[in-house]
């Protein structure tokens, strides 16, 4: 299964992935509209790593675990794994109990501002390749299968 | 203090309707032009620090930024124009020599743009490079006077070692130190993939890059930074740098802030120390000294590496070039006055040297008159901007060209002329790890490959149009050129006819 | 072809059925449920009560899910007796269902305290709050004039109060403890919750109990231990749950407070497994004492492990620690592990109004945390507890700043990203 | 209008050549017939022939054929010739009047031998042939109105402005006996027609007839000019002739190597070459003689004392057909031009681009 892998040595910490993640969640895929009209939660998190002389960064999002804790913890059945192995959250069913946040070992599920649902990366499954990957200016995140990713790490 | 205020060169305009306050510009500007004001929760701008590198403009996801010339005007005066006045302010404040980067920006004639190429019509066919072989390979190095065969037709002449270029374009000397490790890696990998060469510049060569040796030209300059036997043998050819087009007559200067641990190890100088190469080589005070250095380098490398000699295009280049050929150089590199640099005194950059087109024409003609043109290759540099510049250079008589500025532009450079600050926002002319990182060699080497491949395609098309299917049949083929907007003397020096003649 | 039988259609039962089907594509799988509904999200009953969850959304998976997995569910059917020798189960319908492997996932039942005059059979306005049916009945009964008394300020009682809020005239919550959610929270955290809920004009009567109720066919008044008496139109009893062990006990299976299982979720009798709220589980923080945990994720995990092991796998069930994520009127509480100050070498609290961040550290391990309105990335803490990670091996002091995945070293991060098994 | 030498004139053409390997001689009728058939390939602005073996009585003398535009320049030139050569015989070349041939210059020939002392003293000349060629170039460069158009031994070039068959008639080629003939009909695109500008072009024993317009002209020109040549005509034929003269006579390359120089194999083909020795040789040739590669469309017939070579450019942009019958080899722009004079040839073929047809006279070796 292809997932998004981050390459710390390439990550600039520009956080464009977050911008494009939010945009991906907006129907028109217009960056300005996505940010001005609606408060959308990004499902990608850019973290800093403080080195002795420098700061480096990496982007993190749902790892689509083989045996996801979030699905086990979900009380409403909103969280599920689709036939492609992508872990998705059905916001219609989600009640915002945050049990998934409680158990996610990567800490990559976020509460939406409405308090009634959560946001997580679904690899932009509904419209193609992940938007964040497509728009990373430095190829610091790539959409790869595990073998490819291991070869590059 | 207030008297020292220098009016900004640029103005950054943020379109509030488009800005989404994502702070990408804040994260990306190493000059801190963009900053986040916590009190007002808003992204702000300090124009005075902007160098117009376009990093923020390029990365802004909503295209909310525009940079333009700062609109503040001085009273109109063609003599005392704004730039002249500002330079005086700056020098009177600091007492320093003005420094600039990249090539001469002054409005001198650009002869490439005054020469036009020929094409076949009716009397001979143009050749379609998509359907017919079209050769752009060139062989650089010393050539014997003639080939000798024995009675059975067996070749007796042993050829001196030459290097082969699949495309007659190489990446010119840019030292590790002046440019980043990732920039170097991109150049090296691109050269390898393209079957051409990149040049280490005068900063030595990191051992990590020895693996690209067969596509590397190692440079020996007056500072001798990082020069040792292993280094000399690491590349495919050696280049002695006598001069550089951007700053003929003076040596290089790498500011200490660009000398980190890796650069220090590679250059064999202490961390943080300025790397200042002397104006002349102190073992070359005349042409016979050059011959000695050429042959010492050949001795050190077992006569297995061609030795190039790079000179700046100056008034007497033709005679100097003749001397260089006779001194035993396998190739002469001539760098014109528009050649780029990481840092040069502004006055030198803008006022010393001559246009490469004229120098090239004069040198090629002089070497032919002396009957020695075929002994040695002639490589030109100094603002080759596109494939037609390449084609024109070859038609004037060059074997190949070096590109520096064009290569760094492919790597992302937006020609902000601020290399010497060491804070290149594109990760090219910097050593700050967080900035170096911005240049991803995986991406950028491909861009270089794209650039040269594109040029190669264009060169092939232009050649095909002229009915030529091997680039050596263009070399010195000045009948393929016609001049426009040139006077008699210029035509004479260039050795070309006027359009319509 | 084997016959798998599962008693109980909750998180443990259904996850077991799914796990069995994952390993065994052909055998028959039957689930017996004494409820009349398909598998639903039990904690959603308060959301149903409030109207936030519509009836069609209460079901955990759609019909297609069971069909595609060929899992047969017998609703409204109670297991009366297990014959572990004949390997069959007698149902309330008189049917005998034989099995090769049996899973007992009977869950728990509400605990009804001794209250004078309280009679669930006679009085039509007293309710427990554990099933969808409870919630449906309660929702039918309430009116805008109802004065509601809830016995129990635990998780269930408070969620019931939230579910009723705005639909009734008054809500009074009574609990014997000095604080709300006494089994989960310390006083300081409980106070934040309580204050927040009180803003909604819900009354708390703490350190008190209901001693007596009045009324024959319905309760009309309650009397507290301090003698206070007030009107009551609806009484909800939510003081706790007890594991349903009777069925197992009668079949000769070892039980203590809950059904005793080994680390593979098998009971004392071969081919009989048990999982979920009805079993005693190994406590991560106590090697001696097993505990009954009524936790949804725990039931899911144990059900799945039991299911796999019923097909012949040998998966060990992990040790359990408490964890809760719950919200009351928009106030979000997340907690896990041991949060009581009494057992820690360091408690780090960063608290402002309506916000709390508490880490409980013992012997260089994180053993528990409470987060109120500060929920992002809680799972990383949970992970630290679960893995018993040495805090000194981390990239920074977790009490010094917000937790992130950057707390791990680069190698550790890479390892986790490539492993990403999730798991138990 | 400017004439050849003042500017570069491209032109299309017809070429034909006949050689008898056993040196049996035959007169010019056949070659005239052959080139006449391709009348439409020329436009009346130039025609010419080269004939080998025509001066057996003077075979040890250089036969200088010269056009003069005036008697005064003739006198000056003859003065130069006398100072540098011993003149065995000087005569006007016999012609017969042809209606279409007009503006006829003075046409003379001299059978000469370099003066022994002159040969060593002048311009570091290495031998007699070098001396002679330098003198020819000097006359053509410095004596305005005089033009040496043939300078070999026991061979001669006959050319002028007009259709080639008329030129043949004019020069009475039916009266010459040669073992090898080449012919050229010219189609220049913008010349008034000058007798010297007609083809073949010759230097010493080399003669070249050529159909094509080489795009490497200036590269080739500037290359040969480094070696003492002076391209006075600025024609392709001239520069090709000089290239061969330089490669074979001065650089002493075997003729097949010289052919590899002017019609070099492609780099890709060199890379595919299995023998490292051959590969190295071809690479060396391309590296050292890069600027002698003749590029663009051409088919040429090269005559010299050892025989005849016909050659196409590397991608065969101009026609060239060859045929064989008995002792004779025929080459021409068109097959019809061979069949008109050779019934039932034993073999007819179209040489591939870059692959030469080399015909050596009996007893000659590379």
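The chains carry the letters A, B, C and D, assigned in the order they are written, with residues numbered from 1 in each.
Following the convention adopted for this analysis, a residue touches a chain if its C-beta (ideal position, glycine included) is under 8 Å from a C-beta of that chain, and two chains touch if they have at least 3 such contacts.
Everything numeric in this text was worked out from a predicted model, so none of it was measured.
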Any chain that touches subunit C and subunit A: none
Centrality ranking, top chain (CA atoms only): B
Intercentroid distance (Cα basis), subunit D paired with subunit C, Å: 106
Mean-CA-position distance for subunit D and subunit B (Å): 46
Subunit A and subunit D, separation of their C-alpha mean positions in angstrom: 78
Distance from subunit C to subunit B - Cα centre to Cα centre, in angstrom: 71
Residues of subunit A engaged with two or more neighbouring chains: none
Sites on subunit B at which at least two other chains make contact: none
Chain pairs that touch, as defined at the top of this document: A-B, A-C, B-D
Complex contacts: residues of subunit B adjacent to subunit D: 120, 122-125, 127, 132-133, 135, 137-139, 141, 143-144, 146-149, 153-155, 157, 159, 162, 368, 371, 373-374, 466-470, 472-480
Residues of subunit B touching subunit A in the complex: 17-18, 20-24, 27-28, 58-59, 61-62, 433-434, 437-438, 440, 442-443
Of all residues in subunit A, those that touch subunit C in their complex: 5, 8, 45, 47-50, 58, 60, 63-70, 72-73, 75-77, 92-93, 95-111, 115-116, 146, 149-150, 153
Contact set on subunit A toward subunit B in their complex: 9-16, 18-20, 23, 31-32, 35-36, 53-56, 135, 137-140
Subunit D residues within the subunit B interface of the complex: 8, 10-12, 189, 212-220, 222-223, 225-227, 250-254, 256-257, 264, 266-268, 277, 280-281, 283-291, 293-297, 314-315, 317, 366
